[in-house]
Amino acid sequence: MMEKAYTRPRFLKRKTFHYCPGCGHSIVHRLLCELFDEMNIQDKAIGIPPPGCSVFAYDYLDVDMVESAHGRGAAVATGIKRAYPQAVVFTYQGDGDLAAIGTAETIHAANRGERITAIFINNAVYGMTGGQMAPTTLLTQKTTTTPYGRDDRIEGHPIRMSEIVALTRGSVYIERTAVNSPVNIRKTKKAIRRAFETQIEDLGFSLVEILSPCPTNWKMNPMESWQWVDSVMIQEFPLGVIKDTVRTTDAD
Amino acid sequence: MTGYIEIDDELCKGCEVCISFCPKSAICQSDKLNTNGYLPASFNKDGECTGCAICALVCPEVAIEVYRG
Amino acid sequence: MAKVLMNGNSAIGEAAIRAGCQCYFGYPITPQNELTEYMAANLSRRQGCSFVQAESEVSAINMVYGASVAGVRTMTSSSSPGISLKQEGISYLSACELPAVIVNMSRGGPGLGSISAAQSDYFQATRGGGHGDYRNIVLAPSSVQELADFTHSAFSLAEEYHMPVIVLGDGMLGQMVEPVEFKHEVPNELPVREDALRGANSRASRIVKTFTSKPVELEEINWSLFRRYQLIKKKETVCETFMVDDAQLIVAAFGIAARIAKGAIKTARSNGLKVGLLRPISLWPFPSQVVQELAKKTKQFLVFEMNMGQMMEDVQLALEGNGQVSFYGRPGGVIPTPSEFLRVITRYYYQKGLK
Amino acid sequence: MLIKTIFAGFGGQGVLSMGLSLAQAAMMEDRNVTYLPSYGAEVRGGTANCTVVVSDEEIASPVASSPEFIVAMNQPSLIRFQHQLESGGLFLINSSLIEARISRGDIDIIEVPANELAEKLSSPRSANMVMLGAFVKRSNLVSISTLVDSLDTTMKNKKLITINQEALTAGYDFA
Amino acid sequence: MAKVLMNGNSAIGEAAIRAGCQCYFGYPITPQNELTEYMAANLSRRQGCSFVQAESEVSAINMVYGASVAGVRTMTSSSSPGISLKQEGISYLSACELPAVIVNMSRGGPGLGSISAAQSDYFQATRGGGHGDYRNIVLAPSSVQELADFTHSAFSLAEEYHMPVIVLGDGMLGQMVEPVEFKHEVPNELPVREDALRGANSRASRIVKTFTSKPVELEEINWSLFRRYQLIKKKETVCETFMVDDAQLIVAAFGIAARIAKGAIKTARSNGLKVGLLRPISLWPFPSQVVQELAKKTKQFLVFEMNMGQMMEDVQLALEGNGQVSFYGRPGGVIPTPSEFLRVITRYYYQKGLK
Amino acid sequence: MMEKAYTRPRFLKRKTFHYCPGCGHSIVHRLLCELFDEMNIQDKAIGIPPPGCSVFAYDYLDVDMVESAHGRGAAVATGIKRAYPQAVVFTYQGDGDLAAIGTAETIHAANRGERITAIFINNAVYGMTGGQMAPTTLLTQKTTTTPYGRDDRIEGHPIRMSEIVALTRGSVYIERTAVNSPVNIRKTKKAIRRAFETQIEDLGFSLVEILSPCPTNWKMNPMESWQWVDSVMIQEFPLGVIKDTVRTTDAD
Amino acid sequence: MLIKTIFAGFGGQGVLSMGLSLAQAAMMEDRNVTYLPSYGAEVRGGTANCTVVVSDEEIASPVASSPEFIVAMNQPSLIRFQHQLESGGLFLINSSLIEARISRGDIDIIEVPANELAEKLSSPRSANMVMLGAFVKRSNLVSISTLVDSLDTTMKNKKLITINQEALTAGYDFA
Amino acid sequence: MTGYIEIDDELCKGCEVCISFCPKSAICQSDKLNTNGYLPASFNKDGECTGCAICALVCPEVAIEVYRG
């Protein structure tokens, strides 16, 4: 007789994702829901999805969730955690949200060592608004606001936000992963678990940067976009643990 | 065959990711659009699916249930 | 409890703590720093409470948003430029029906302006400087005692109506020291709202949001807010009148200006001028009915504000033409003395041929 | 005279360029015209639609709650819009992708096997223009010749232009 | 130049470039992205020009402030939530008397709201959502052609009066495509203001600031601004009227709502109802005199806005009681059709017993 | 006969400084005025002093100056420089201004490689507003908003903004100096000169962080405060060139 | 009865605590009282001043444009405020630090060598309290005993309290 | 002596920084307040000032002019 080897996570609401075919967002959603169950924190978890393609994340994740103003996730999370420290608080932010308008909120929440976790989806574009340049957009990459390709003399280089956040001494766990292959997806789940653990252990700020395909705005089909993550993005944004003050000693 | 999968036609968006990653090429694309206009993946029953669940791991739509035994 | 000498800013802080304020998020700006500092000294290490000096006002208001979502009593404070930065956040709080207390000890503007007291944020506070259709209850104290009392009631109102409440003071009220009495004790238990987000523990998961791809849903939110606003207009309109019964000229002023006006009016009375005072205490909802009542007997209104004429519009709207409105304004942080304003009253009084 | 038309289909079907080409043609014929694409957060590769209003007077609103014409390129669009059509209106259906039937007797329905016809011209991606050609024949909103010319401005790639112009005529002749 | 088909957002961009706009600073937000993208495509690599996608709206408005200080024509654009974040910056621009064009393609609010078209930022635009006493000229187009025309004049007005000018559109105007004709060519020379900061080169060094420790100085700034505002009220008030001469009922609406109303009014007329339209084009300064003129003949006014009733207050202020004001509003991004609004008109017409 | 060995710089307006006795601000003002003259850029210089004790800098520096909103100096400078690239544009910002509310503006201007110079006065407090905690306030340091001393578990560690900005690839020259001794004052002048040079050479973003005594809010007399910079501040904020892409190769 | 007093001097001279102590005493005597310190960006260690208003009725404004009393602890304050004093008012001058004379005949002037007197008590920093004691003797605004008691609340450090209370009495006896 | 300095009494705020750094201790504090209430530094003429200008370098108030020769 056959037993189930994989079935839909119980804390993932039954609803067709509104994401484009091949999009990485929904994979991260699924991993989160699996972890709510495995770490049994569903009844403590509070999620904060700011505007972005994942603004509707609350339609899928079966935990308490609150919309935030664009870029202010880390501030909202700070407010929640300070008011109710027992919660497991996470933001779910795009690269436009976390690395552009949310720069100050993110760095200072990290610097204060807020016991919160940032899930940072790096897809090198502003997805929801139609594919404009993100701070993480690669050089020469064409977007709707860099129609001639990003030029470092004019728009600057892509920004490595995780490395910047790692400089703050309040941040304790930072890893960059991707969701473009079975092994990377597994690593992503491990990283998020670790991030939640450091929060629950009251150690400080944790962040997982996830390179995530955006076939639509990259103008590729799904598999092309999954491969582009390897062939191009990872060159600029190397994967791996960037900071783990618990395992190693403070990085900065 | 030691395993099999069930693909939810209506959840599937035909991204073909499962097809590319299935080590046994036990998944192919169906030729009829689902109501959302996508060509869903379909399981080929007489392939040698081992129930490794890689397809489910990569499926962005959580459209696959995997059985093994 | 006996009276103590306190500056206005600190009095707000003490009143907030006694109202059960659990989380304060702020950012330094003159002339309200004593409030932020009071909270640092008295809330930051208090059991179960939290004080955060945010990296900016934008951040502070969004921390308030978070703390309110988590169900606790929370507040922020700033002064004019800092309040401008909070407009998006206030719009979000209003949209998500989250209680919060926002204190604006306003200063001279526009721009960086001056750190002296002014009242030129009236429109911003009463019309909603942020985007979208929303209103906030706005209370305008005119003494240190009222700063304390109104701060306390601001928390109850915010919670009762699920909305931000603005305490609109000014730099002078914040800086001046007066005797004040605190009528409430610090609660032994800090209140937590029923509808708080605290994890889907033995209940279904909750969502706090406004964003929708179906405008009709958002329209419904707007209408439900609007219905609540109508109720608030009925129940929460507050104002003070002084010697209006036989008044030939009624001075309308709020906050510190009303206090100055009152002094001038007393002297005017002793000089035999029949002058009265209308002092809106809730700026929104605005006491329009009272204005209409007064207009039945008095036809001459002199609006006095430390700005270029903002509340004046609410007086005109209330009058609907039955009454003549004159205006005396001092913008930018200039604070006229009672005797200066007395001269203004006297001039108008005779100009309008009143006896 | 004020005529509202809705074009609807999947993201990839070129629904928006159908509307744009019609609008361009109408402008070239000196009519008042507005074009309004659907936009929204939920539109993620999914369905797309647009509204074209053509009139001899000023146009008050580019929105069409009850259009005179609807062109449905796929099944979901048919389901979604069938009840919006003004009674007496005309419903064009891409029969290549749509089996479902419309349950209304008060409207005209024309079935165009747009994809098949496009395949025949060995340019499958121009099914939308086939459909547009057929639409113009029946709606008479603009002359087919103007429509054909309009592509010169609405499209960049010269090669595509000729292919699509053929498609237009094919659709026109079919209907 | 011949007509071309363009969406409203792009038309603004093209008009701005033809008005000599040299620097654009923006941040993506629906429903105005086509404008930002148009500037990226057409300004970013243009000789002597600059396009910057800022890290936030706060940053964008302050870049505009800098470019304006340096004397060039500059603009930014956003939609409701983004505009809220610009309030402090707008207050600074107004205080320092710096020309700038600010486009708000507004959407449903409050909060994150919806991306559909709305008009609920009227108060924010006309009263100044920022701190301090200041006003901005606010222009409300209702077609793609007007988006282009008003954008062009916005630059001249901003420069003539040394102040920010707001073009208040909405999501639908931005998204819709219409034929448009551009009446001006791109200038061969980009204009630079006389009073620009470009280094103390063969002149004394200059300071642009408002901050002062002497309130009277700030008061003087306020008064000089106020005098200019009076002048603007005289010279720059613009509005359109349609079939008002014999009207028994006058509909007041602006922007996209006015356009919808006009359609409804035409049908109402053909049904024999004597209805007219008052369409303020400059929302500030508001055409109060015109309202007063109309009130001499017509007593019934129906204000129609895609919000909960904001311009309505300006109509009431103008009427001073000689005229009855009713309101029909659809907030949150709902866009009524001409026929829906026709039913509203008809209902009011008969309710008020008009013939 | 005696010749002048030192005389008041010609571009320093004749006015008594409003600063407290022993304050470092006025020293930096003087150095700037000397450089305007020596580099002869007075007719090209445009300065941006945001609110802070130095909000009145325009009363002393005889160059074009414009007030900026708190923290937005880098954005205003970007606007000016983009509109008029011939200018030598500098901001003059405190640590509250640049490292708290101005975090995003500073990092992204640096990342874009804007050809501007930030003069960053680090005095470990908010001076103008009365001595509140700054992001740079040291651990255990008492301020009016950390009356019990800064606690890293609650307020986080002092932030090293220069090191963070150095991570952006648009930044080309970053040095930390101090104005608490003759030698440090000389080094500060050299650093500012170098920063202006990189701007004039169109290389990118430059920043000079200057440790500056604030006797009033440190509750010390002037000389105590000058010594405290050595004994305490420099331990947390080591002096020296942090980044010089022109001399060395790109640091990150 | 409404009496406005301005205390002015250098930052370090304890001018503000003079005002606060007076206000505290007035409150203890159940009078209405307001105290308003000067604040501003230009105040950087420089001069400081505060205004105390004591009255039997409500106080309309804590600001004093023309005060009945002015206490000047240093020369700049004398220069700055001498013309503001209400005619018939009383001007107290710290003669230890002030040489300049006032060019007005319509006011009373009292000179108190506050610093010398404080030195005698070998507590130079309490010159302000010496001055305050003298002020209260002449102004009669509050009783010296209340004032002495008031220090118990306005000052924390017990040792300082006694020293300052002595200073108050010394000033009181001098004047 | 090979140099001398002029201190502007009114600009000086008596911070004593110049006094601390003068290698020749040629500067001391005067005993009379200036109009701003500060005890200004005063140059002691018969000290051995070399005109090294260190005092001017450190003076926050730019109150010192230095002569050498």
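Details
All chains are identified by letter, namely A, B, C, D, E, F, G and H, in their written order; residue positions are counted from 1 within each chain.
The rule is simple: contacts are C-beta pairs under 8 Å (C-beta built on N, C-alpha and C of every residue); 3 or more make two chains touch, one makes a residue touch a chain.
Just so we're clear, the structure is a prediction, and the values are computed from it rather than from any experiment.
The minimum number of touch steps separating chain B from chain E is 2. Across the two candidate interfaces, A-E and F-H, the one carrying more C-beta contacts is F-H.
Averaging Cα coordinates per chain places chain B and chain H 86 Å apart.
With each centre defined as the average position of its C-alpha atoms, the distance from chain D to chain H rounds to 88 Å. Per-chain CA centroids place chain A at a distance of 27 Å from chain B.
Here the CA centre of chain C is 53 Å from the CA centre of chain H. Contact of a single residue of chain G with at least two other chains is seen at positions 40-42, 46. Multi-chain contact residues of chain A, defined as those touching 2 or more other chains: 19-21, 23, 51, 55-56, 67, 69, 100-101, 103-104, 108, 112, 128, 135, 154-155. For chain C, the set of residues that touch two or more other chains comprises 30, 55-56, 58, 81, 88, 92, 96, 111-112, 115-116, 209-211, 213, 335. Residues of chain E touching chain D in their complex: 3, 5, 30-31, 115-116, 172, 175-179, 259-260, 262-264, 266, 335, 337-340.
Residues of chain F touching chain C in their complex: 51, 55, 67, 69-71, 96, 100-101, 103, 126, 128-130, 132-133, 135, 144-148, 154-155.
Listing the residues of chain G that touch chain C in their complex gives 20, 23-24, 27, 33-37, 39-41, 57-63, 65, 153.
Per the touch definition, chain E reaches chain A in the complex via residues 27-30, 33, 36-37, 40-41, 44-45, 53, 55-57, 81, 111-112. Interface residues of chain C facing chain A in the complex, by the touch rule stated above, are 22-23, 25, 50, 52, 54-56, 58-60, 62-72, 74, 88-89, 92, 96, 196-202, 205-211.
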